[in-house]
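Chain lettering (A, B, C and D) follows the sequence in which the chains are written, and residue indices restart at 1 in each chain.
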Amino acid sequence: MKTNRIEAFSDGVIAIIITIMVLELKVPHGDNIAALLPLVPVLLSYVLSFVYLGIYWNNHHHMLQTCSKISGSILWANLHLLFWLSLVPFTTAWMGENNFAAAPTTIYGVALLMAAIAYFILQQVIIASQGENSMLKMAIGNDLKGKISPVLYIIAILFSFWFQWISIGLYVLVAIIWLVPDKRIERVMQSV
Amino acid sequence: MKTNRIEAFSDGVIAIIITIMVLELKVPHGDNIAALLPLVPVLLSYVLSFVYLGIYWNNHHHMLQTCSKISGSILWANLHLLFWLSLVPFTTAWMGENNFAAAPTTIYGVALLMAAIAYFILQQVIIASQGENSMLKMAIGNDLKGKISPVLYIIAILFSFWFQWISIGLYVLVAIIWLVPDKRIERVMQSV
Amino acid sequence: MKTNRIEAFSDGVIAIIITIMVLELKVPHGDNIAALLPLVPVLLSYVLSFVYLGIYWNNHHHMLQTCSKISGSILWANLHLLFWLSLVPFTTAWMGENNFAAAPTTIYGVALLMAAIAYFILQQVIIASQGENSMLKMAIGNDLKGKISPVLYIIAILFSFWFQWISIGLYVLVAIIWLVPDKRIERVMQSV
Amino acid sequence: MKTNRIEAFSDGVIAIIITIMVLELKVPHGDNIAALLPLVPVLLSYVLSFVYLGIYWNNHHHMLQTCSKISGSILWANLHLLFWLSLVPFTTAWMGENNFAAAPTTIYGVALLMAAIAYFILQQVIIASQGENSMLKMAIGNDLKGKISPVLYIIAILFSFWFQWISIGLYVLVAIIWLVPDKRIERVMQSV
């Protein structure tokens, strides 16, 4: 299987996930601005998840660019990542509709954590498939962002039982850390 | 990142937005023509938004055609535009289901205004990335349409508090102004 | 704009339309086979519309294959066709949920008729753009299918006020007429 | 019609099917973990169907790779397969929401069986179109998996009337059998 096919499929799935999330922004019954108020937390969590999915789309692309061939294990590691991302619309809506209550904020973090783990697994599977001089391995270097994110998610999950706003702050923080596009891979690819 | 990948992703998202809008056209319970009557405003606002998304898809494509390389800032400026477009199904349904009442008509215009601003930002980011002899800069020229549209949106938003039909008329007017496909970019590209 | 971009966008929209139709097949509350019974007409109308959209996807592709360049008018004639196709999930669900009652059966036919007219307009716009030796014009020949279909839709719409099953029969008949893939275009293209 | 267009369309439809399934994971009203409990069977059936659709996407791709030309009959055999796959979100949700009750478990198996038959038909149509030295025919060999799966589905359907958990076990078993990516086709293609 060629790289562009798995890319096109992943792009399609991520494009759909990012778009159907907005279906959870249910049209209110009232026709005045006040009717929009209960939607504010839903909209905020939508913005956060939109940014996360944008980050995943972007970095996922850079990662796959280093692959010339897609093995069966890469394919399934990729589907595993898409599975966890596909749960984001659900966790986003539950958190938003419940005004960032404890349990939904926990579950939102769990889904992010699982997606991060799935991303890490996919990364390792690709590196293993590329052998000793793996371009991806060179590119990610010490992979500081990749190592810090799950730690921050776990801290956020722990805080979510008592102080949800610290958890939300941490989710936002991880997004900001990643928002800087991952130029490491681009750099290494150009130098090769 | 190559232009065709950001194009394919944007196409996917716009195709999904334009299509899920129709999900807001809820199947009525009655089985007679009268049951369709309450849907007329929903259908009309759907038509308007369908045309707007068609315009964005078309012009977006022409704009990206002038790019040979996609930087991180172009990518995020593009996601920013897609974010505001993704809210169109919501604002369309709210306006249609409330028969063009004041608040929904205001919010519909706000979403259009934000999308126009996001489009302008994307345009500026691309021009900046192309340097002095920017093909896009030459192509848009004085960018009359791009400058007039936000002004008309703001006027429409102000009118929406008292005379919604004037606002709707202005939204329709902006769509008509843009319906003429943007031949400026095509012209410049052919002359280069 | 190149042919492959308008094709990819149209494919995306048709793929989404054909798939979200199934969302109207609402999960029943009961857990026995009897709970599925009310869904039978919904499923039947889904099958019919699925076939129609498959036919449009197929013939649309053959038609666009004859174009080397997409003008603004082709683009908007194409969006016009997609608009009417996008209403098919709505008309399908309304007809299915009301057990092929008069009004929904009428409206189903109206949407098909409008899509057929939009297809005809797109065809004429492409032929006009291709000039005297239009490949598409040669390919469609006397366009018997294209001329007979709207007539049959109109007859079906008239019958729908009193004898809905005749209308349904006519909708099925038109689908069967078109099911034979349109080999005319393929033939002419190969001979050129 | 070229192979890549039918592939892109099928990819699009499968990507949408796999993603809209998650819409059936309805956001619960409560804001505590207990509110998620009723969703556990829905999530489990979602996981199972996600894996099935991943398998279909993967093997479908390998199968089409052996085709250089798409005839009308291949196209309709493919749409037939997509039709049965499009019912999976419905059968998945019905089974999950009813906690693997008898009838939904039966219907889930029927949809899988019909998809397997549709896949088999598509395979035969492609082999027939390739003539005597069909690459696909060589690739599938005795097609043990393809022959065993429908048998296991039928056994599962029979068991579903009394012992649903055996049926579920069999559905899981078939998924596991197929999870190993179909290397037969890759092998034959490389040897040619």
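As a working rule, a residue touches a chain if its C-beta (ideal position, glycine included) is under 8 Å from a C-beta of that chain, and two chains touch if they have at least 3 such contacts.
In this text, all values refer to a predicted model and were calculated from it rather than measured experimentally.
Look at the contact of chain A with chain D and you find different residues on each copy: under half of the numbers used there are shared. When chain centres are defined as mean Cα coordinates, A lies farthest from chain C.
Computed from the mean C-alpha positions, the centre of chain B lies at a distance of 27 Å from the centre of chain C.
Per-chain CA centroids place chain B at a distance of 38 Å from chain D. Those residues of chain A in touch with two or more other chains are numbered 8, 12, 16, 20, 23. If you sketch which chains touch which, the chains form one closed loop in which each chain touches exactly two neighbours.
Remark: chain B residues 1, 5, 8-9, 12-13, 16-17, 20, 23-24, 72, 75-76, 79, 82-83, 86-87, 89-90, 93-94, 97-98, 101-104, 106-107 touch chain A in the complex. Against chain D, in their complex, chain C makes its touches with residues 7-8, 11-12, 14-16, 18-20, 22-23, 25, 27-28, 31-33, 35-36, 47, 50, 54, 57-58, 61-62, 179-181, 183.
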